[in-house]
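Shared between the two complexes below is chain A, which pairs with chain B and chain C, respectively.
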Partner chain A sequence: MKVTVERAELLKSLSHVHRVVERRNTIPILANVLIRTGTNGLSLKATDLDLEVVETVPAEVSQDGATTVPAHVLYDIVRKLPDGSQVQLEAGGERGSLAVRAGRARFTLQTLPETDFPDLAAGEFSHSFKVKGAEFRRLVDKTQFAISTEETRYYLNGIYLHVAENAGKPTLRAVATDGHRLAQAELDAPEGAGGLAGVIVPRKTVAEIQKLLEDKDAEVTVSLSATKIRVAVGAIVLTSKLIDGTFPDYGRVIPAGNDKTLLVDKADFAAAVDRVSTVSSERGRAVKLSLGDGKLTLSVTNPDSGSATEELEVEYGAEPLDIGFNSRYLLDITSQLEGDTAELKLADPGSPTLVRDSTKTDALYVLMPMRV
Partner chain B sequence: MTGRDTKSRQLPLDLPAAAAMQREDFLGAPGNAAALTLVDSFPDWTARVVCLVGPAGTGKSHLARVFATRSGAVTVAARDLARAAVPEALAHGALVVEDLAPGDFDEAALFHLLNLAREQGAFVLMTARTPPAHWRLATPDLASRLRALPTVEIAAADDPLLAAVLVKLFADRQIPVDDATVQFLLRRMERTVEGAQQVVEALDRAALAAQRPVTRALAAQVLRDLLPGEGEPEDADD
Partner chain C sequence: MAGATRVPGFCRDCLADAGDGPRCAACGSPRLVRHPRIDELSVAHVDCDAFYAAVEKRDNPALADVPLIIGGGTRGVVSTCCYIARISGVRSAMPMFKAKALCPNAVVLKPDMAKYAAVGRQVRAMMQSLTPLVEPLSIDEAFLDLTGTGRLHGMSPARVLARFAAAVETDIGITVSVGLAANKFLAKTASELDKPRGYSVLGLEEAPAFLAPRPVTFIWGVGPAFGGKLARDGFKLIGDLQRADEKDLARRYGAEGLRLWRLARGIDARSVTPDREAKSVSSETTFDTDIRDLRPLEQTLYALCEKVSARMKQADLSGRSVTLKLKTADFRLRTRSRGLDSPTHLAARLYATAHDLLLKEVDGTPFRLIGVGLSDLSPGSDADPADLVDTSTQRIKATETAMDAVRAKFGAAAVKRGILLDGPVRGKPSGR
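Right after this comes the complex of A and B.
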């Protein structure tokens, strides 16, 4: 194998694929990136057995071939090469090594045979649809924060992607919950998504998708089977296993009959929550919301450090209510709202509260209170 | 840990769990063998109207569900049974009547149902916690019909079955749990399927609220809350 690649192109691709490679690996080949020549240039592939990313970069191929080298080392080398340089990769000879040359720098990397490199065996995909990168990214961004990090709740360790209905129109909907809060975002169902059974996309895959869609206006092709998801953006193809679990019937925790409506300026509310929670303890984090006629009082009492209160002018006409929330959860949710005004639909201090933009219906958040 | 911090406590969302209710999900045991044989032998029944009798949580509804799947039966709650709706309920040739309990159903409707079922040769599977033969009823004809009704009893679960039930209940909720925790619960919880359901649900909620895995230590804490006075302080070891 002998190829020459533009350093910037190689670096960009390696930065995408090397993240998939775990820092610690008990299986040596998983620390490596597979590099292979092809008709479109050089393809780079990394996997952790659950997730694989393949990216093709333009390259001048003098001799076809394939090999694998340590991903993080190759990435670090290319990162430190001077900008604008041409990188030559040459494998062969009897020592089974890969020579990396750029300008006057020369590296020799140990290789492992490409035939040992695992393949995720994607199989057939039953559904495939195209969606704008920014729109798909929005689905992920709005819900990602609510994914559970409790490992034993494996069925909550991802985003539930499925086709639902909103006001009679089919939508592609993303839902995540950690059992304390729930986030839901949706967009008009793209052509080809019809009849899609729900799938749970794992947290690590979600994070990689987010990064692949960074400042991309390109179209994304999403393909799904019962066990795998494939996301193709430009020259990058990410394939991942899905979580083998059943996402709960989340619709039942989204309150429909909450009749106490609070409208509050989002920025003022977030700032006030942030201010009063300064005195809260690391463990507690509870902030009490006391609602009266046109007035919201936020308060925190921490026996160890003191107390704080702040009053806000709000739109609220229902009967007075005291309710507690985790301040961090309130801030997480308000930071996802796009408009200026947050709408909270409340019932009582022991029931879920619905939070959304006062003007938009394509995302909603459900938050369970704290007993305070 | 000195128990829950009751001053400020995060409440969990009430995320529903779906119980696995297929035939293969039913846990066979000596105490429910007769009932299982009955459902498995459908439609070769000696009597077309049968009542499953057993304490709460012993699997009557699960078996009724399996029967309904096989026979195409619709399911009605005994207390919702109305005389006028009987012909329609029997229209499929098979019917499940759930939770028959003395004083909690319309006697005229049930009498009409039994008559019509006999006339049409329809299959009816009823469930009850106590044998209908012993009930005091206002309609003497119905009382004598119920005395003649074939019943199949399901016994309360024994320990090996309760252990299997605990594992199934955790599996229904997709909660991985080790055998030590199951044995720990089994020794301390109320020894009924209902007791098992209660403790598993409470543990699921507690784990979700605390964002912790289900462990023996959490089980000890939950049992202390469920059954005050029976907890063991040395178990609060995390």
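Right after this comes the complex of A and C.
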């Protein structure tokens, strides 16, 4: 194998691929990146057995072949090479090493046979649809923060992606929850998504998708089977296993009958929550919301450090109510709202509260109150 | 002898000045204690003598003059042995069969922890009446800082401690040994010197000479592994550390090296801190015979989870990190931890996560020990908040509260989960 690649192209691609590689590996070949020549150039592939990323970069191939080399080392080498240089990769020789040359620098890397490199064996995909990068990214961004980290509830360790219905129109919907808060975002169901059964996309895969979608104009092709998801953006193809579990029936968690409506300026609200929570201890981050006619009082009392209150003018006409929330969860949610006004639908101090943009219906959040 | 050179001291029985003779001029007791700095030192370590055995002998006078060993189980070890048994060579932590071989006529009793804890609390209460600065190390020993209590007690800390030791003997019926020194390290060292019913004083001045001939492992925090490393580097005795250069030790062992340099000279700046906050709550048990099957492991695990849960509830705490501890038959330790989304103190939630961790470890390996713990603690009021998707939490909470109430009224054995019952298992454990 002998190829020449533009350093910037190789670096960009390696930066996508090497992230998948865990820093500590018990299986040596998982620390490596597979490089293989093809008709379109040079393809690079990395995997952690649950997730694999393949990216093709333009290259001048003088001799076909494939090998695997330590991913983080190759990435660090290419990163340190001078901008604008041409990188030559040459495998061969009796010891099976890979020579990396650029300008007057020369590296020799140990390789492992490419035949040992694991393949996720994606199999057949039952559904495939195209969606704008920015739209898909939005779906992920709006829900990602609510993913549970509790491994015992593994079925909550990802985003539940499925086809649902909103106002009579089919939508592609993403839901995540950790039991304390729930986030739901949706977009008009793209062609090809119809009949899609729900799948749970694991957290690490979600994070990788977010990074691959930094270029928002790109079009994304999403393919799904019962056990795998594939996301293709330009020259990058990400394939991942799905979480094998049943996502809870989240629909019954979303309150429909909450009759007390609070409308508050989102920015003022977030800033005030942030201010009063300064005095709260690391753990008990409860902030109390006292609602009266046209008035919201935020307060925090911490026996160890002191107390804080702040008053906000709001639209609220229902009977007075005191309710507590985790301040960090309130901030997480308000930072996801797009409009200027946040709408909170409340019932009582012990029941879930619904939060959303006052004008938009394509995203909603549910928050469990805390005792205050 | 001129008065100016006389070493100050007093009689431990009547607290009168020691004078010059070998016995107390006032009461004739030979139990005199003298030290040049006896009136200045105020940090003490108090340790009960052969605590479990002493309590049993107190409660059963027939045992007073026979060798007594407290310990248990078929593969038990000696927890405590009385001083009569020690004459035959029996020691704490010795395997029971070996102890019985050394001392065939010894009486062996299983430990009655509830009783010892009650006595330990009595002793602690007496300590706390002397100073608020009592730092318990275990059920039967503690550090006391009596600095500044001279006016309150109308006598020096040294005399207060002697009076305290005598009061423990008459009021509770067991004996203690006192180590009085300038700091915790030396106080702990001193209390070991004169056991049982001892009283020794160790000043900073004589500490280097006193420590020099002792092995480095005498220093707390230096175990066999670190001790071996130190020995390979030429530090076998504390004296070797005293001769070493401070910077050299720091270079070799970092902050630990500086600590060694100071402790080798008897310098220890740690303060006596009461109520050190618990960082974790855990419980573990060693099996009589090694276990490799899941069922008995999970039964034991559930019982331990209930124990931890009960202690958490009592202390009004909750924790969000679960740790499972297993020791294999060949003494390899496996610990596995997992975080929760919210703090808990429910036995059922603790068990659900610990059990998950256990399933991954049960692979035919024989285990000799299992333990479970909760760490990353928060107040009990944060425990088990209502959950959006898992409605069972509130039901479990109600069940456990009901079980706790029954136990409070009728005893711990009054109500049991089905998982703890022996016999063939039909179906899955219910309720979760």
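Criterion: the second predicted complex is superposed on the first by the 372 of 372 C-alpha atoms of A that agree within 3 Å, B and C clash if a C-alpha of one lies under 4 Å from a C-alpha of the other, contacts with A are read in each partner's own complex, and residues count from 1 in each chain.
Simple rule for what comes next: contacts are C-beta pairs under 8 Å (C-beta built on N, C-alpha and C of every residue); 3 or more make two chains touch, one makes a residue touch a chain.
No experiment lies behind these values; they were computed from the predicted model shown.
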Inset, instruction - Give one word, clash or fit, describing how chain B and chain C relate on chain A after superposing. - result: clash
Legend entry - Partner chain(s) touched by A:Val253 [first = chain B, second = chain C, both, neither]: both
Legend entry - Contact breadth on chain A, by residue count: chain C or chain B: B
Inset, instruction - Go through the superposed model and pick first if A:Leu182 touches only chain B, second if only chain C, both, or neither. - result: both
Inset, instruction - Examine A:Pro190 and indicate which partner it touches, taking first as chain B and second as chain C; both and neither are also allowed. - result: neither
Legend entry - Which of chain B and chain C A:Gly324 touches, first, second, both or neither: first
Inset, instruction - Scan A:Thr152 for contacts with chain B and chain C and give back first, second, both or neither. - result: both
Inset, instruction - Answer with first, second, both or neither: which of chain B and chain C does A:Pro202 touch in the superposed model? - result: neither
Inset, instruction - Could you tell me if A:Pro70 is touching chain B, chain C, both of them or neither one (first, second, both, neither)? - result: neither
Inset, instruction - Quick one: from 1-9, 73-81 or 109-117, give me the piece of chain B that collides with chain C in the overlay. - result: 1-9
Inset, instruction - Could you list which residues of chain A make contact with chain B in one structure and with chain C in the other? - result: 148-153, 177-182, 248, 250, 253, 283-284, 350, 352, 366, 368, 370-371
Legend entry - Residues on chain C engaged by chain A in the complex (per definition of touch): 338-342, 352-353, 356, 378-379, 381-382, 385-390
Legend entry - Touch list for chain A against partner chain B, complex: 148-155, 177-182, 245-246, 248-250, 252-253, 283-286, 324, 326, 350, 352, 366, 368-372
Legend entry - Contacting residues of chain A [partner chain C, same complex]: 148-153, 156, 177-182, 248, 250, 253, 283-284, 350, 352, 366, 368, 370-371
Legend entry - Contact footprint of chain A on chain B as seen in their complex: 5-18, 174-176, 207-209, 211-214
